[in-house]
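For clarity, chains are labelled A, B and C in written order, and residue numbers in each chain start from 1.
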Amino acid sequence: MLHDLFLPEIQHALDLAGIFVFATAGALLAVRKNFDVFGIAVLALATALGGGLFRDLVIGAVPPAAFGELSFFLTPLIAAAIVFFLHPEVQRINRAINIFDAAGLGLFCVTGTTKAYEYGLGLTASAALGVVTAVGGGVLRDVLANEVPSLLRDREMYAVPAMVGASMVAVFIGLGVLNPMTSGFAVATAFVLRLLAIRYHLRAPLAWNRRSSVAEEP
Amino acid sequence: MLHDLFLPEIQHALDLAGIFVFATAGALLAVRKNFDVFGIAVLALATALGGGLFRDLVIGAVPPAAFGELSFFLTPLIAAAIVFFLHPEVQRINRAINIFDAAGLGLFCVTGTTKAYEYGLGLTASAALGVVTAVGGGVLRDVLANEVPSLLRDREMYAVPAMVGASMVAVFIGLGVLNPMTSGFAVATAFVLRLLAIRYHLRAPLAWNRRSSVAEEP
Amino acid sequence: MLHDLFLPEIQHALDLAGIFVFATAGALLAVRKNFDVFGIAVLALATALGGGLFRDLVIGAVPPAAFGELSFFLTPLIAAAIVFFLHPEVQRINRAINIFDAAGLGLFCVTGTTKAYEYGLGLTASAALGVVTAVGGGVLRDVLANEVPSLLRDREMYAVPAMVGASMVAVFIGLGVLNPMTSGFAVATAFVLRLLAIRYHLRAPLAWNRRSSVAEEP
């Protein structure tokens, strides 16, 4: 690691918040699919830790934080336990979940990009890995649940806020102005973009000249 | 590696036994799905080596044993060849498969936890990685076969024996009493628990207040 | 890395060609599944880089070339953009795609085996990893698209040319005669074998005594 671009305590607190909300989203999908209590815990863990685990394997940060930090492992289990008992209430507050998830997305794309750069990756590669950190857990969750990843299917522009946030961090590093304030600005931008995409139902385009009503070809 | 907690020859023999039975289970699923001879070999390899491969990547033991030990690579191919020719007979001895699979589960959770600790992980992380070592190959098998992992779906408490065995190893290490005898005791406990879960159809609970007859929500 | 068995510039150019054709295949599957523009880009990247990424993680070459080489990251995006606008024309030239894909398969199995050996793996393990390098991206593509990997299902002997090419490289290394000419011979052999398998509809056998018409068992 070259140097810490963040205050460690702040980054840790924000990481835990992101892990918690992603774990909640994973546990709720497990309830919806009628998985048992272990399936709920597994999906909570995979959703919350999958993106960071992949990032750490790629940059050679072994053991990955998911296995090195006890709090990273326990937080998803707490989220799973809450969903196990309170899932009807949690589903009702779906809007709150979306807000937390957007916050997690904004945070993970920024911390993921920062950590990748600290381990020596180039700026473009760091931004790409930041995006993967932010969206990877959700992809792993959907693959394990045997669904087409919502990242690929939903056309909800889930990736765009992460791409914007990660790119901003890369530009700030390139300009030598990355600090807690500019980082927070990148987190906030990704967060707000995600909320706007949900609020205004922004949709990504299908392939040129392709009608969305066309059924899947054989 | 700090030190070997096991006699290497014993661990190697037990690893090969676990690899063989897991490979057999993977090959049988491939036959059931009408995969060709290469699909049978791929699923046998993935089931037998997937859990250990993930463990070795996480602890930084590269190249992983799956690619470093020739016998680890050839054993699943032998199992695949046997299933290819004898699959009706092998399916008839399904009960024997269950017994061998339970033995593999018990063994892999113990050796996985031990190896993770030898590479410097904490006790809780080592136990968690031991569980992943034991169940990871089966999850990879099901993902490749495009099925919901039976770990998530079956409610058969497959994970519980692995969690008990891995936790026992962590406690033994913490108490400074891990040796071949206590390790064997952990293997046997996980093995017997798994057989009891099969015998008495123990089932894990769904989410609180959720009727199992409810169809998947949209 | 022990030493380079290839001229770096040649290997880089061939890698880019293989990445481009694999990315095209991934992007076309995304169009067929009605994924949006981001799904097309993700599937192009995963197909083109997945095999090499897995290889680099296994041999401990971090950060993997997929995140270290900017051109490896941009090439799939260019392929995705071309498919996005021109997919009807690209599908019409399906035969050309097959030819390029066969070239990619031949190349990746040879460069994958070579790189694995350069990082210290044994000959058998290097050949196995070369095969995984060649077929891994396609498997990841199919898993992400929630389909049974065509490697397992199609019975098209896709793996066989890669196995032959990788084995030839291992033999050449063992004999001390690996050089650009023998490497090119291995690439060409795998390439031609793949084209012959397509041309003559060679099919791999199902399990012994299993009727291919039998439906999947419960």
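Some observations on this one:
Just so we're on the same page, contacts are C-beta pairs under 8 Å (C-beta built on N, C-alpha and C of every residue); 3 or more make two chains touch, one makes a residue touch a chain.
Remember, predicted model here, so these are calculated numbers, not experimental data.
The touch graph of these protein chains is complete, with an edge between every pair of chains.
Looking at which positions face the partner, subunit B and subunit C present mostly different ones, since fewer than half of the interface numbers are shared. For the pair subunit B and subunit C, the distance between mean C-alpha positions equals 29 Å.
Within subunit C, residues 57, 60, 143, 146 each touch two or more of the remaining chains. Per the touch definition, subunit A reaches subunit B in the complex via residues 30-40, 42-43, 53, 57, 60, 62-64, 67-68, 70, 73, 83-88, 143-146.
Those residues of subunit C lying in contact with subunit B across their complex are 57-60, 116, 119-122, 124-125, 128-129, 139, 143, 146-149, 151-153, 155, 157-160, 203-210, 212, 214, 216-217.
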